[in-house]
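Each in C-alpha cells, the structures are laid out below.
Presented sequentially are two complexes of subunit A, the first with subunit B as partner and the second with subunit C.
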Partner chain A sequence: MATEARAARFTDEAPARAPWWERNLAWLLVAPTVIMFVLFAFIPSLTAIRYAFSRVRLTRAGITQEFIRFENFERAFDDPIVREAVGITLRWVGVVTLAEVGLGLLLALLMTQNIRWRALFTSLLIIPIIMPPVSVAIAWFFMYEINFGVFNYLLGEVGVSPVRWLSDVDYALYAMMAVDVWQATPFTFLLLYAGLLALPRDPYEAAAIDGATPWQIFRTVTLPLLAPILLVVTLLRVIDAARIFDKIWIMTQGGPGTSAYTMTLNIYIQGFRNLDFGYSSALSFLFQIVLIVIATVYVKRVMADYAAPRD
Partner chain B sequence: MVGETSVGRILKHAAAVAAVLLVLLPVYWMVNMSFKGRSEFTARPPTLVVEEPTTANYRDLLVEQRFDRYGRNSLVVALIAASLAVTIGTLAAYGLSRFRLPKNINYHLLFTMLTVRMFPPIVTIVPLFVYYRELGLLDTRLGLGLVHAFTELPLVIWMMIGFFRDIPRDMEEAALVDGDNRLQVLRKIAIPLAAPGLAATFILVFISSWNEFLLALVLTESNAQTLPIAVAGQITQYQVKYGNIMAAGVLTTLPVLVLALLAQRHLTRGLAVGGVTG
Partner chain C sequence: MSDEDNGVSGSIPGAKLTRRGLLKQSAAVGAGAVAASRLGRAAAAPSPASQRYGRPRQGGGTLVMAFTSDDTAKIQPLLDDYSEANNVEIEVRQSPYDPLYTELNLNLSGGTGAYDVISMDDPWMPQFAGGEFIMNLDEMLAAAGAETADFVPELIALGDFPKGTGLRGIPWVGNVQVFAWRTDVLQELGLEVPKTWDEVLSHAQAITDAKQGEGLYGIGLRGVSGNAAATSFLPVLRGHGVDIFAADSWEPQLTTPEAMQAITTHLALAKLTPPGVETVTHAINGTNMYEGLTAMSADIWPDLLLQIFDPELSKVVGKVEVGGEPAQAGVEPLNMTGNWLLGIPEGSENAEQALDFILWFTAAEQQKRLLLEQNIPATRISVLEDPEAVEQLAFLPGLLAAGRNAFPRPRTNLYPQVEQIYGQYVAQAIAGQIDGEEAMTKSNDEIRALMVREGQLEE
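Right after this comes the complex of A and B.
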C-alpha cells in the first residue's frame, strides 16, 4: 500500500543519492546535545572526581592539585558538620515531601469536586510554582520578622509572645520548611490534579452502582489508579527537596549557627567560603551517589511511558 | 455528586477559598510592603493595608541603586539560555522522535539527559567555576546563559518530543514524497505545527533561567549579576532599605507572572520533568 511505502521511507535510511548530511541527519540533530553534555556534565564530572582525591589550591596563577588518595573522604566521614548536614537534609526531605504530597493530594481531590470558579481557583493556586524563589524567600523573611512581621502580630492578637522564627534554633528549620511547602504544594497539586482528571470514569460508575461510600471509592478506586503518578510526584519532590539551597541561603545562610546546613549548603560553604575545592568535591561526589539511586528510579518510571508503543 | 448536602458544598468552597487565600497572602504582603514608606514599613502593629502608599521604594531602587542593570543581566542571560536550549533541544527532540539510531541510542540518550536534569548543580559547580575562571567566562552573561541552556536542555527535549509526537506523520511523509528533503520537512511542516509548544517551551526555559539562584551566585559577581542574587544581597546589608527589597521582589516576580500566564496551558507537561524553579 502507498501509505506503508511512505511510512517506511521516513524512518528508513535516506536514499543513497541523498547528500551525506541527509543520510546522517539523525546524528547531526543529536550532535549539539551530545556536545553540550560532554562539555557541561561529562568533563566537569571527571574533574570533580579528580578533585575529590586531591588537595586543590586556588592561586592567582591558577590551580594546583596534589593527589591525596582518600584523605578528603576520610575527613568527610569524621566531620561532625557533615553528619549533622545529612540529618538535617533527611529531616528536610522527609517533612517537606510528606507535607507537599499530602496537601497537594488533598487540594487536588478538593478541586476535582463540584466547585464553582474552578478554573480561576486553579490559576491562582499555581502562582507560587513559577515565582522566583528569591522573591518568595524575602516575602516570608519579612513576614517572619520579630518586631514588625505579620506572624508575630497575629500571635500577639491572641496573646502569644513573639517568636524568633528565623533566629531560634528550634524554629528556624521548620519555619523555612513552611516556605518550601508553600511554594511546592501547588506543584504537587497541579500534577496530581491533572492525573485525577485523566483517570478513567468506568471504575467510578461501577463503584457508585455498588453503593460504595466516598472513602471506599477513594481507597479502592482512586488511590490504586493514582499510585503511579503519586510515586512519580513523590520521587520528583524528594530529588528536588534534597538539593534545597536558595531559600535557606537567602533567609538565614544556614543559620542560626549550623542548624540549617543542608548538604548543598555545606558543599557550597566548603567550596566557595573556605575555598576547599577538593573537600567540597568529595562531599558532592558522595551526595551524588545517594541521589543517583533515586534519580534512576524516577527516570526509569518516566521513560517507561516514553518507551511504551504509541498509536 | 449525587445527594450532596448544601453544608458539604459550603464547606468545600470554604476550603478552596482558604487555600487560595493562603497562597495569595505572601504575594499580597510583598506588594503591600513594597508601597510602604520607611516609618510605616517597621510600624507596630503592621498596617494590613498600606495607609500612605508611596512609590519611593521603586524610584530609589531604579534610580539610586540602578537595579535595572541586574534586570538587563537577567534578561540577556535568560534569552541566551532559552534561545540556545530551545534550538539545540528541538533538533535533538526531532531526531529522537523521527529517526531510530542504532543500539537503542534514542533511549539511552534521553535517559542520560533526564538523569542529568535530576542531578543537583552543586556537583559540577566547582569544576565549572575553575574552567570559567581560566576561559574568562566567569562573571559574563554568556557564561551563565550557556550553563542555564544546558541545565534546561532536558526539559526542552522532553517537551518537544511530546509535541512532535502529536503531529501526524502523514503530512511529513507526504512532503517527503513530494521531493522535500528531511530538513525542509522539519522547517516547513514540523516546526510550524509545533510552534505553540515551542513558544511555551521557550517561556518555561526563560522562567527557569530568570529564577535560578545557585549557579548565578557562583558564576557571576559584579558585571553579570542577575536579579535574584542582587535582591538576596540586599537582605544581608543591614541598612534600613527594607522597602527597596520588597519592591525588588515585586519587580523580579512580575515578568515571570506575565510569561507564565501565556504558557499556562503547557505548564503541566513541563512540570513532569521537574519544577520550573530548581
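Right after this comes the complex of A and C.
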C-alpha cells in the first residue's frame, strides 16, 4: 500500500523543473554577444545618428549638442570634397574588387591543375593576407619611393626614367590599389580554391565525355557551379574595399592633393582632426546607408537566385 | 593621487600642503599678479620637490600624464629620475599626434580627471586654455615662488591664453620653424643669403638649374594635404605681409593680392623641389636636406636641425646655417611656433604634485639634458646660450634668434579645421589638380563659411 501511495504521489506531482540557467540556456548563450552589440554597436550608432543632426562642440561643460535638423546632410551634398571622395571610393571599389576576384579565380583555377610544388605555392600565396596592413603599406611606400625605391631602381636598370608612383595624380591611386590587390587577392583565392575543390566531379566527367573544350567546361560547368561562392566573395570584397583607410592614409594621407581622398578618409579627418563630430557622423551615416542598400539589393536580387530550393 | 593618499605635508607638523593652502599663500603673495617672472627661481632649484617648496614632501601616489608616443621614449629617463627622487609613480599614456588630440579633447571636456599632466601642441591652446579645460597656473606659480624670466618671452607667452588671463601652459619643447640654407652651395654660385621670397625663388631657380644634374634642388617643402602643406605655405603667406585672418577680425584674407602673390611664389617653388613633393612629410623634408638633396628650406624645425647637424646621419654637417624666415620688403619677418607645453587639466586631484613635476621638468638642468641627450630643443634662454650646448649644436644661436621672432599660428580653437581647409587646397594646387587662384578662393570661401557657421563671423 505504501508503495502504491508513493507511486500515486509521484505521478500527481508536476515534473521537476529544470534549473533556471538550463531553461534560459539559449538566452544565456547569446547574451554576451547581445550585450557587446548593444554597448559597442547599438548605443554608439544611436549616438552617431543623434550627432548627425546636431552641431557638436567640446566645451568645459562636456559635449554639447545643438539640434540643426538636416544642416550636416545639406553641407555634405554641397561639399565638393565629399563628391570627389564618393567618386574615388567607387573607382577604388570597382577596380580592386574586379582585380582581386579575377586574380583570385585565376590562381584558384591554376592551383587545381597538376602543377609542381602546388603546396608550396599555396603557402606562399597566403603570406600577404597574414601581414598587418600597416606593415604592408609602409613596405610598399618605401618600394614606391621615387629616389631610393626598388621599382624605380629596376626601371633604371632597363633605362626607364623614374616614375612618381605616389606623387603623380595619374598614378598614385592605382599604385595604392595594386597594394590592396596584392594583399587581398589571397583571401579571394582561398575561398574560391576551397569552392573549386568542393565542386562535384560528375558534370566534369560528362563534359569530358561530350568532348567539351577547357573553355567550354569553364564557362558552362565551373562558372555556374562556382557562382554562389563567387558572389559571396565579391560582396565581401566590395564591403571591405569601400572601407579602405589604412593603406591610403599611411602611404599618401589621401594625396597627392586630394586625389585619393576616399569617404573613410574624409570621415576620419572631419571627426578626428577637425573634431567636427556632427558632420563626421552625418557623412558616416550616409556612407553606412549606401553600403547597406548596396548589400541588401545585391543579396536580394543576385544571391537570392542561388538560395532558392532546388528540384 | 590626492594629498590624503600621498601624505604630503608641510614644514609645520600636521600642516598639509593642499591646493587650497597654496591658493591662500598665493593671495598673500599678490592675487592677480601675472606669472610673467616667476618660474626661473624654482626651476633652477634641484630636485626633490620639497627643496623648491621649502616644505618636506613625502611623495607617494601616482601622476598620470599624456604625451605623444614620439616624446615618451625620449623623456623616460627623466621621468624615472623624478619618480625615484619624489617617490611618485608616473604613468604615461602615450598616443600618436592626432589620437592624442582627440583623446585629450574627450577627456578634458568630460572633466574626467584622468590626467594630471598633459603635453599640448601650441595650436591646441585656444581649445584647451580658451575652453578652460586646463588650470590657470598663475596663483600656484606665485605660491611656489616660480619665475619665468629665463624662458624665451615669445615662447612662454604661448601659455598665456586668452592673452593676459594667465599662464595655463609652460613650454618644454622649443619648436620654432626656421629658414635653413646650404652655405657651400650659395657661396659656390655667388649668391647672398636670401632675405625676401623673391630672392628665395630666384636662388632656388639658379641652384636647380646649376645642380639638378648632381641631384641637388633649390628648395624643400611639404605637399601632403592638410597640416603639412599648410605649414609649408604659411611662412610664404606671412612673408608677403598677410595672414590667414585679418588683424582685427576672423575675416579670412586669402583672396587678397598679397595672398595670390604668395601662392604663385609657393607653387613656383614647388616646381624646384626634388621630385615627389606631393608626398613629402615633415620627416622626408628633413631627410632631403641632410641627404644633400635640397639647398634651402623655409620649413625646417629643431628636430630636423638636430639630424642635419648630426655627423653620424648627415652629409651636410657644417654646411647649413639657419635664421629668420624670409619676408618681402617692408614686411616683418616671423617664425612660426610649434611649441609643446605642459598643463594641468581641471579635475586633476594632484595639481600640486603635477605643478612640482612641471617646474622640475622645465628647469634649466632638465632642459639641457633633454637637448643634449634626447635632441629636444629647449625653451630657456640660458640653455640655448649654454656654451657647452652651443659648442655641440652650432645652430642654437640661430634658433634663439628665431624664437625671439616667434609668432603662433592663428589662435582660434577652429585652427585645426582652418588648416585642413587651406592645407587641402594648397596640396591640390601643388599636385596640379587646381590652380593657385582657385586654391586661395576656395580656401577663403570655406574658411569664411566655417567661421560664420561657428558664430565667429557674421554672414
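Points worth noting:
The working rule: the second predicted complex is superposed on the first by the 275 of 311 C-alpha atoms of A that agree within 3 Å, B and C clash if a C-alpha of one lies under 4 Å from a C-alpha of the other, contacts with A are read in each partner's own complex, and residues count from 1 in each chain.
Following the convention adopted for this analysis, a residue touches a chain if its C-beta (ideal position, glycine included) is under 8 Å from a C-beta of that chain, and two chains touch if they have at least 3 such contacts.
This structure is a prediction, so every number in the text was calculated from the model and none was measured.
Once the two complexes are overlaid on the shared chain, A:Phe121 sits against subunit B while remaining clear of subunit C.
Of the two partner chains placed around the shared chain by superposition, subunit C is the only one that A:Thr59 touches, whereas subunit B remains out of contact.
Of the two partner chains placed by superposition, subunit B and subunit C are both touched by A:Asn147. Touched residues of subunit A, counted separately for subunit B and subunit C, are more numerous for B. When the two complexes are overlaid on their common chain A, residue A:Val134 makes contact with subunit B while staying clear of subunit C.
Look at A:Tyr298: by the touch rule set out above, it reaches subunit B but stays clear of subunit C. By the document's definition of touching, neither partner reaches A:Ala85: not subunit B, not subunit C.
In the superposition on chain A, contact is made by A:Pro162 with subunit C only, not with subunit B.
Using the contact criterion defined above for the overlaid structures, shared-chain residue A:Phe272 touches subunit B and also reaches subunit C. In the superposition on the C-alpha atoms of chain A, the part of subunit A touched by subunit B in one complex and by subunit C in the other spans residues 58, 62-63, 147, 251, 253, 272. By the touch criterion stated above, subunit B contacts subunit A in their complex at residues 1-2, 4, 9, 12-13, 15-16, 19-20, 22-24, 26-27, 29-30, 33, 41-46, 48, 87-89, 91-92, 94-96, 98-101, 105, 107, 109-116, 118-131, 134, 146-147, 149-151, 153, 157, 161, 165, 169-170, 172-174, 176-177, 181-183, 207, 210-211, 213-214, 217-218, 227-228, 231-232, 235-236, 242, 245-246, 248-250, 252-253, 256-257, 259-260, 264, 267-268, 271-278.
Listed in rising order, the residues of subunit C touching subunit A in the complex are 98-99, 101-102, 105-106, 109-111, 127, 131-133, 223-226, 228, 274-279, 293, 346, 416-417, 420, 424, 427-433, 442, 453. Interface of subunit A with subunit B (complex): residues 3, 6-7, 9-11, 14, 18-19, 22, 25-30, 32-34, 36-37, 39-41, 43-45, 47-48, 51, 58, 62-63, 107, 110-111, 113-116, 121, 123-143, 147-150, 153, 156, 182-184, 186-187, 190-191, 194, 208, 232, 236, 239-240, 242-243, 245-246, 249-251, 253, 264, 267-268, 271-272, 277, 280-281, 284-285, 287-288, 291-292, 294-296, 298-299, 302-303, 306-307, 310.
Those residues of subunit A whose C-beta lies close enough to touch subunit C in the complex are 55, 58-63, 80-81, 145-147, 162, 164, 166-169, 172, 251-259, 261, 269, 272-276.
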